[in-house]
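Letters A, B, C and D mark the chains as written, and numbering starts fresh at 1 in each.
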């Protein structure tokens, strides 16, 4: 068992004929992901790397009822429509790569997805990978390897960096998910901690946080409150970020007196989470906790 | 076990200080219903027949956490607000008596309630009664008696008429619910058939339909499709109603070629449902099916 | 309430759905002048709310302003299916190449707006739905989400149009949906939505029905409702009754719509014919009952009045008082049959029997009696 | 983007939230004339975006038009916390009796708009939230439902006001929420919301922050954003980089926001000081990398440039090419430290070593090296 995506994941790519969409369709196919259909309105009938393209998700799902997951590369002004279309078509897991979606829009479709029981990963995220089973995202597959560490991260390349360190340390990952760098994301750290908790294959969890919001503090509180059974190691980026400035991600900003790295690290440590100072240290701490 | 309301039902009355609200608060108390709080904005601190009044449902629920059910007597322009307030305050069952709510409004809050897992009975309904346990509605309690017949009805007084006939025939009711006379209601006949199916105390069901829409046809289709185990008897009002005219209820209209009584009766009979020609005949048919 | 075509078209214009140029004529002179302005030819459409206006001769084509004058003179003041023609929509004639169908309607069973479209317009959509359902595309809109581009694309994909025409159709759908929501519509329909000889999409007819319960938000239409009612309907409305005129001779009063309909049905079952549907609602006082009974007692068609009250909130004594008072004034040559049971039943029956009226306990018996009485009159 | 107070107040007026009468002055003469028009007295408020304007001397009271002239002359052109004062909001003075607080903000953890209100306004709400959280009422609004009267009542119930004042406050909340949604706000704040000597509710200050990602829907503001940036920020924006100026001397380039921040953190951990944050994003080509590197190489504060790229979509050979090209033009007296790994790593390293640059495999080593280099310069 893995989390959210596995061998049974069948993917439709929304925005498959675009530059990003087609590039990553190939990369996912190469990784072994079961990409069975693509959607671009008006381009139905074409194909991209052998994947048939349809005009709507509804049509894709009618033709390929095994589809349960969507990955969205549609530009931000049209992305909310793509999300609602996917929900209505009965998709279970939506990976929303698109960046720069207005927060009022994502607030609405994320709320709606929650009420409909649909999991959204993103927006503004690298996606999710269960190494050796399925990659639904834009991450480089080779830095990941099958293993027992679950990763949940607000970052992209930093996740690859740390995953790579874990891989090189001989540990590997069960599932790694980048939940996205936006202020409001479909899945948060607690959602993922809950899923990793119930996943037999996951023996330790890595939280990769960054400045902005209080998701790490809430995760820390959750870990303490339920006395989380599996060891958690964390890394928090942005100790040197100044307040009031957005650091690349829409969500990475210290504002209204919350969101600085120190308070996150303090909260995590107070809940017994080991916090690493460098990416390499994450792997080291993992080795320690997995031995203990 | 009964359906939706029972001895554990604790009621807040929204619009308790109004004429209807206070009248029926007394009637419900007299029946033995556990009415524990009322709400009228701006009238917090008063009391109605000994029931404390609060400014908001939120406050009522904070003070009386046992509240799980609301009955709403708020006038139609303000009723949607009252429904959203009840949902947000964590109410499980909402009985919405109010008539004349715009259908665009009820469409929205009914959809929302469904996604939040909240049961709405109504709008434009007499409410629900589990004789001897709880009455959350405006029906005259004395025509009902504890028994094994579940009633689901789109009508008010016609329900009392038939319930009375059943009572006089010595059968009694497990639960009787008037789902409301509007085109769109929170609970429909299939919802109630499903609940009665799982209710140990219910041995037969009475469907009371009327012209308008295709709810009876759908119920008939459901009964046939799942091979409904309990006997069902029906009565359909409006065989003499002309097309295109609204017969009292907002939903009682034959329009766009659907909704006449004959097609409903035909559909029900085709599914093995006995359809009575008069209210008294309902009780007679029930006696037959319960013997058989 | 159903809007007149010209009102619906005004709303269309307000929502950027372009309709063929038109004017409203209340006199032959106006019809002539408008036709002049439109270039000398026009189509005259009787502004009535009944369906089937075209087949009933309510639509005429004028080849000249003078002909428009003549035709208008013929049409104005006549009745179409019982409804008087007070005005004509005088419109530019559309050279129709194809006819499409488009509507938005509240779907009762799904509990959502449903958009229906078809490449085959102009005809009766119910007939088409029955005969060839596959020719109709139907898309539901979650009321919590609203209309999204993907809904619109699903419709336009199925209709054979050029890309340019598809864009126009998309706009029409979006705008029609906005109108539908803003004006609390039960129905907003364009049938036919013509493709004219130049390939332009033109709404030839327009039908809009607004939810009566939402008229408090649309006072401009609320006032007009009353103007369309018969005298009896108007008086009933004034007193808050639900009232529907039927063509029999047994007047029916009940409390509750279902019970009242069931009473009508019983009358029919026993061989009688109901003259009307009158629901006094819940908790009616004596004065209200008196008004309701008086209304029917003075109705020329009503020979026997059948009252069926099951008292819950409604008190039997109040009903009895109201009936007795109405009888005093209007009861001369009419028969009254009463079924009265429930709250304060004893007192109610006493009041009735003091006035020489005996009441039934069962509605079946009361209905049988009313039918029998009519037969002997 | 944060709006200027006068822009926020324009929006307030557009949404029927009445603000004290004001004018915008760009010259002392205009300040004098506006004060004249306001009746001879005014408050002059520097229009800057930095917080804490009042304490920094950016708000002055004028007892006469002449004084307004003098004060405006003093204020205009000065800098407040590093931001130049180009204009003054010249406003009627409000006789304040009490100060309330009201704001609507996106709550990240709940994923909904949150309305905050307090009887204690005028002060820093974060301080109040920390010290006396019970003095703040907070109500969440489900984005699928929107603001409902019950939300508004829950707020007004907790604030001690007359019924008349409560009604006004309800309207202000409703209108502020409409503005908040229509303009894609992250924050809409009134602090203080004054109760004046006559008991009227008056928004004295106004703060509105619009979501940058939604500016495509608000072109009128989108254009202004660029005007506020420094030259470096502007150039970075032009090339699509995320760029933030810091005060150290080690320039930082990374791919991905998290990785770039982590690189900054490492520099600090090893005793150095980052000069900036520059994220080239994913999949950058050689030209883009060249632009980014050039930007930092010519930055006067940057002594050493630390580049940290983990190639995924980004190809190491493209990065290497870009860096080598930038060095040719701007590399004279700057040191370059590179960490390069991932897609096309071999080729990238070859290109670098051909140009005499060796690359690290580990970001820790690279950061240590950059810090060491600065120390010896």
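One rule holds in what follows: contacts are C-beta pairs under 8 Å (C-beta built on N, C-alpha and C of every residue); 3 or more make two chains touch, one makes a residue touch a chain.
These numbers were taken from a predicted model, which means no experiment stands behind them.
**Q** Using only Cα atoms to place each chain's centre, name the chain farthest from chain C.
**A** Between chain C and every other chain, the largest centroid distance is to D.
**Q** When I count C-beta pairs in contact, which pair ends up with more: B-D or B-C?
**A** Output for the comparison: B-C.
**Q** Give, as an integer number of Å, the spacing between the C-alpha centres of chain B and chain A.
**A** Measuring from centre to centre gives 45 Å for this pair.
**Q** Which whole number of Å gives the spacing of the CA centres of chain B and chain D?
**A** A distance of 54 Å separates the two centres.
**Q** Between chain B and chain C, what is the separation of their C-alpha centroids in Å?
**A** Spacing between the chain centres: roughly 27 Å.
**Q** Name the residues of chain C that each touch 2 or more other chains.
**A** Chain C, residues with two or more chain partners: 142, 144.
**Q** Do you know which chain B residues sit against two or more other chains?
**A** As it turns out, chain B has residues touching two or more other chains at 112, 115.
**Q** Flag every residue of chain B that touches chain C in the complex, lowest number first.
**A** Residues in contact with chain C: 23, 76-77, 100-105, 107-108, 110-112, 115, 138-140, 143, 153-161, 164, 181, 183-184, 188, 208, 210-215, 218, 235, 237-242, 245-252, 256-257, 261, 277-280.
**Q** Within the complex, which stretch of chain B touches chain D?
**A** Contact set of chain B toward chain D: 41, 55-58, 78, 80-82, 84-85, 88, 112.
**Q** Note which residues of chain D are touching chain A in the complex, please.
**A** 105-106, 108-109, 111-113, 126, 129-130, 142-144, 181, 184, 186, 211-214, 216-217, 242, 244, 246, 254-262, 264-269, 274, 277, 279, 282, 310-313, 341-343, 362-364
**Q** Going by the contact rule at the top, pick out the chain A residues touching chain B in the complex.
**A** 115-116
**Q** Tell me, which parts of chain D touch chain B in their complex?
**A** 142, 144-145, 148-150, 153-154, 157
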